[in-house]
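Please read the structure below before turning to the comments.
As written, the chain order gives the labels A, B, C, D and E, with residue 1 at the start of each chain.
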Amino acid sequence: MLVNCVAYKRGQRVADIPISEIRAQLSDPSCFVWVALKDPELAEVERLQEEFNLHELAVEDASRGHQRPKIEEYGASLFVVLHMIETQGDELRTGEVAIFVGPQYVVSVRRETSHGFSEVRRRCEDEPELLQHGPAYVLYALMDTVVDRYFPVIDSLTHEIEQIETRIFASNTTRAQVEALYNFKQRLMVVDHAIGPLLEVTSKLHGGRVPPICAGLHDYFRDVYDHLQRLKQATDQLRDMVATALSVNLSLITLQENEVTKRLAAYAALVAVPTMIAGLYGMNFRHMPELDWRWGYPLSLGIMAAIDVYLVYRFRKAKWL
Amino acid sequence: MLVNCVAYKRGQRVADIPISEIRAQLSDPSCFVWVALKDPELAEVERLQEEFNLHELAVEDASRGHQRPKIEEYGASLFVVLHMIETQGDELRTGEVAIFVGPQYVVSVRRETSHGFSEVRRRCEDEPELLQHGPAYVLYALMDTVVDRYFPVIDSLTHEIEQIETRIFASNTTRAQVEALYNFKQRLMVVDHAIGPLLEVTSKLHGGRVPPICAGLHDYFRDVYDHLQRLKQATDQLRDMVATALSVNLSLITLQENEVTKRLAAYAALVAVPTMIAGLYGMNFRHMPELDWRWGYPLSLGIMAAIDVYLVYRFRKAKWL
Amino acid sequence: MLVNCVAYKRGQRVADIPISEIRAQLSDPSCFVWVALKDPELAEVERLQEEFNLHELAVEDASRGHQRPKIEEYGASLFVVLHMIETQGDELRTGEVAIFVGPQYVVSVRRETSHGFSEVRRRCEDEPELLQHGPAYVLYALMDTVVDRYFPVIDSLTHEIEQIETRIFASNTTRAQVEALYNFKQRLMVVDHAIGPLLEVTSKLHGGRVPPICAGLHDYFRDVYDHLQRLKQATDQLRDMVATALSVNLSLITLQENEVTKRLAAYAALVAVPTMIAGLYGMNFRHMPELDWRWGYPLSLGIMAAIDVYLVYRFRKAKWL
Amino acid sequence: MLVNCVAYKRGQRVADIPISEIRAQLSDPSCFVWVALKDPELAEVERLQEEFNLHELAVEDASRGHQRPKIEEYGASLFVVLHMIETQGDELRTGEVAIFVGPQYVVSVRRETSHGFSEVRRRCEDEPELLQHGPAYVLYALMDTVVDRYFPVIDSLTHEIEQIETRIFASNTTRAQVEALYNFKQRLMVVDHAIGPLLEVTSKLHGGRVPPICAGLHDYFRDVYDHLQRLKQATDQLRDMVATALSVNLSLITLQENEVTKRLAAYAALVAVPTMIAGLYGMNFRHMPELDWRWGYPLSLGIMAAIDVYLVYRFRKAKWL
Amino acid sequence: MLVNCVAYKRGQRVADIPISEIRAQLSDPSCFVWVALKDPELAEVERLQEEFNLHELAVEDASRGHQRPKIEEYGASLFVVLHMIETQGDELRTGEVAIFVGPQYVVSVRRETSHGFSEVRRRCEDEPELLQHGPAYVLYALMDTVVDRYFPVIDSLTHEIEQIETRIFASNTTRAQVEALYNFKQRLMVVDHAIGPLLEVTSKLHGGRVPPICAGLHDYFRDVYDHLQRLKQATDQLRDMVATALSVNLSLITLQENEVTKRLAAYAALVAVPTMIAGLYGMNFRHMPELDWRWGYPLSLGIMAAIDVYLVYRFRKAKWL
């Protein structure tokens, strides 16, 4: 679906144009066109491929989806794939944006994501002096937005691991807690696989040799890179936390078993000792003087109770009960 | 076994030729020959070695098999080994393709695999404008096909780990589940050892210094490299998942033991307490007024039952039963 | 909040100046201005941005805070972010210092930290021959101070892990000890994330290509780098220790369970054997000669006691009790 | 012990010569001498040091033994140390070969190994056109042989881990199996420490800057390197397998404990329930109608049996028995 | 404390000189002075700083101690810090040697170590042809000695882990064994932190760009590097062994618990079954023919004994007893 298609000249919006007028606009070298597509049909992408002369392999990737985050140079143009992560209930959903950047065009193709980029377009149009940098600035603005959207995801993951952690230490571990840790780890991997490859490739947009189209925006792309490094550090920290939590959890579960065993043993003792004493007085020896005592029975019950009270005291002291 | 041997000129199929006519074809520098062998005898490979002047060490590797995936330059020609992975029931079988690529020839030698490359040949012949790039394009087409065949293998592994995972959390862990995780890990290693080294060497076919024969196909080999990176990322993720699953599984098994212990303790209590009470009234004291009560026996049974009912209630509440 | 703003000339303090006079001072190229801010308002930073022509992205980072430690070049000036770690009761709090360094200015902006840098200023003013190096020397003095403040943090962590370790081996493991290890690991991560990235970027200030502003202070920045390496090594060692401690702890917990099981079994035996013997003499066989013996009852008690004494002796010897 | 000392000219064996004639042979620059020593005395090595002007530090290493695999350049000559691994019963023994290679000599010194290199000499003499490459070809032949001898060691390790693995899943884990895994790991480390460093240094003999003496044998040393990479990959896989096996094994042991606990509990129940019922009818209440029934006793036994049969059925169904 | 201060000329000892004469000696460019200090006062170091014009930061490091192993260039001179490890009872103590090397001087400052370097001085003076290389050769001799002193430490660690390992497999694991493993790991870290950083920096003294003062001693420093690599490999192996030992140990402890549980269960059965039978004959049914049998009592005892004998036989066979 075509979201919009706008021509810009020296950083100023010229007009919303239909696709058929793109070619006319491009004849003016100070103009560029910014096209946004959403879950497009193959035909739509092929139409743009013709207009902008996009590379076949890049178009194939953009049409198929399910790419990893990457930045590829095709001659003077760039092909960028970014992952967008959205929280949906308990799950993380991965959407994709493919961006074609050439000297006179930007084409963004997003898939399986509800978040659009209209705010990016608005922000860009509000700063015409920056938008004058051309398509590469639009690329920066898109990347910056996508990367900034990772922060709340990381924040909610951080919040979640802290909650799991509190629960682990607050009470006995249950299957639900182990499952929560496992699910957390899964979601962390989703985020990590969006950030990791992007970090790697973004380093090619600043410092050292840079694609010519991005020259002059060095500081901006380094800023994106810096954000990605912060995100990477955060996910590394989360991974470390979940690993430690898993390991600590196993210790706690074993400890818990230990405590259960001790508690059981204590209760068993409280039952076993009276049983033994009752057994003694259940013996059929002819000569057992206690049996004939007037207060033999209450006395024996009293002894049992006394022993149990003493045992409870000892077990309490040893923290077995 | 010779599968086929075809001469091409400017991207067009000229003719199926016998091996003896190869030399004649090669005299025309715009021609190249594409030979496909399957589990060949040593003699067959040696015959081709003579015709194409293949390097002794490469021929040795292709004849012996059991190589690791690799790309080696011998002067102006390349020697490539790829692994092919096929699912056979519960196991993964590794086949091998050795490919010799020279300025005027491609020789593919496949071993211990049922999948052939006839579709590759067909696809290449359908796009003569691409096949015009010569033997290096055939190499690309072969590599692309082999690499694309890894995706369903990875998909079925992903499906499998998800099933194992569901089973682990759904019910108590059994030896069968532990064994499933172990076997999964084994199969993952097979895939990883096909993809890992190939990823490493494919990076030499694009970017930086490239073997002269591959020049001009830079974007195509980068595409293969990109697919391999996606596969690598997928196997890394699977490895991470199986490691976490193993670790979580141990926690669950220990937790399970915990639960079993608690359940046992609860049942033991239900038996031990009545036994103790019965023991009390089994004592032979002369003066035990309850023994003479009319309703002493039913009352004692009632007390036992009441205590057990209360215990069941308490254990249920504490989730021990 | 503006802490102070001082002009220096050839390493000598000239005067405390208001912000409005900065421009006048800067007209003398042998002068530089050192401004210190604490938790500033956006307006204050923007005022300085104008005066010193600071880069927009750097100002944004300094205003927002929550950056990772980094060193960025913007043309001839540097933007540095450092983390400051303070112990607050049981927790580690991370503050931040952002430092802008240009040919004629140093601006330090600290946030969420109680430790100031007045001692740094004093030390610098005491050594005018060193301060003559200009703003880069101030940067060195600030970095050196921040880095040196990590050492006591590491020392207290080292002390703490040694205490945990002593407790682990001295007595049975408790939940509190596991939680202590976990919390220790968390705090270690905070320190690690301050030191790790800083180490990485500090290496760019000495050896190889160095920002022009830092030239001539090569040995000083290498010294900072060397301190950071010692800190890194210390945190690596601590991480290794906590991992080993966690793993050893699990072994000890399991061992402990073992010992509890044995102790319980021993006590159970001491109760079960007399119960069994009492059961024997509770049988109602008509012909049980012992029952009629005069000393049958005390004898049976004696036998029970003797068996228990023997068992205690055996269990003691086997270290079960 | 001098094994042999032979002079070669243009790839052809000239003669077995005594050490005293070496100097005479070397005067002809188209000649080279190949000396093989076995567990030599210091004097023997020093004699050769004089003849060939070997570097003092290299001679020291060759005399002392216990070096790590390495390749060192001393001016125009090379000093190579390789490990040889031999299976001796259940253990792996590490022998050493030190090789000095100069423009006109090869000296191999082997220690603590029974395998000699006579076959290498024979193979070399059978291919005079290759031996013409001179001492570097001999080095290649020796390295190739040593490296090829690692393959059966790896194969037997692979076979062994598969057997351990089968035993682990087939039956309950015993101390013997844990010990087998541990010993396996030890042996794997021996192999790894032979292959790892060698792989690293062999890469210096092909590609990029190569010691002048090895120039022209690029493809051959790359072949050795390739074999080493296969070996490395195999040992990596084995290491991964043993780590997974250790981890899986712990799960299985815990699971096994679980099963033992359940089985015990089931048997305990079969005994405890009849004991409780017997306890009931052991009570001394005056009014217990069942006690007077004609069939009271057999009925009570029947009830006990019935309950136990039911319990066995339930336990069987729950797989506890 | 000044140990000694000797002037050398062309590799020959000239004379023991007081510090005040150093300046005189240095006026002869073919002379150099070798000063050895032990736990010096600040004043002593400052005196030498003046004489040799040592760099302030290096002097600071040497005076304070607690540096990590490192090699730093200050103009034409080098500053080297090495760790010395000494076994003291069960602990490893780390001493430090700081070495200043300039064109005409070597100053060694050792701290907290009892081992001196008089033997190094003797060895150097015995080989004047090597000592002619000047201060850099002294540096080599000192480094070589320090590094060689690590070998016995590693050997004793290797011996120790083998003993621990034997104990682990020989008998049941105790807290003492777990503690031994933990302490071993601690000591290994001490060694590792001496060797690791030194290995890293020593690589800068041979191959590639080398500090001018070390030029010509390339082969000697490579030898030191090679020794360090062997040590590193040894510590890596030890680390791997202790990790595997910890992991195996946990399996053994769990296995041990398993065995304890089984043994207990067996003994419990031997007591529970007779208790149950005794319970049966303790029932008060009027019609229990066995009770009236002449041999009822001995028969019942015989049955109990027979069942226990059978159980013992079964448990022995199943290796539970």
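Just so it is clear, a contact is a pair of C-beta atoms (placed from the backbone, for glycine too) under 8 Å apart; a residue touches a chain by one contact, two chains touch by 3 or more.
In this text the structure is predicted, and so the values were computed from the model without any measurement.
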item	value
Graph distance between chain A and chain D, where chains that touch are linked	2
For chain D and chain E, chains touching each	none
Interface composition of copies chain B and chain D: same or different, split at half	different
Angle, in degrees to the nearest 5, of the Cα rotation that carries chain A onto chain E	145
Chain centre separation in whole Å, for chain E relative to chain C (CA means)	25
Residue numbers of chain C (touch at least two other chains)	247, 250, 254, 257, 261, 268, 272, 275, 279, 282-284, 288
Contact graph of the chains (line, ring, star, complete, other)	ring
Complete ring sequence of chains beginning with chain C, oriented so that chain E follows	C, E, D, B, A
Touch list for chain B against partner chain D, complex	55, 57, 67-68, 70, 72, 74, 173-175, 178-179, 181-182, 185-186, 189, 193, 197, 246-247, 249-250, 253-254, 256-257, 260-261, 264, 267-268, 271-272, 274-275, 278-279, 281-284, 288, 290-297, 300-301
Complex contacts: residues of chain B adjacent to chain A	165, 169, 219-220, 222-223, 226, 229-230, 233, 237, 240-241, 244-245, 247-248, 250-252, 254-255, 257-258, 261-262, 265, 268-269, 272-273, 275-276, 279-280, 282-288
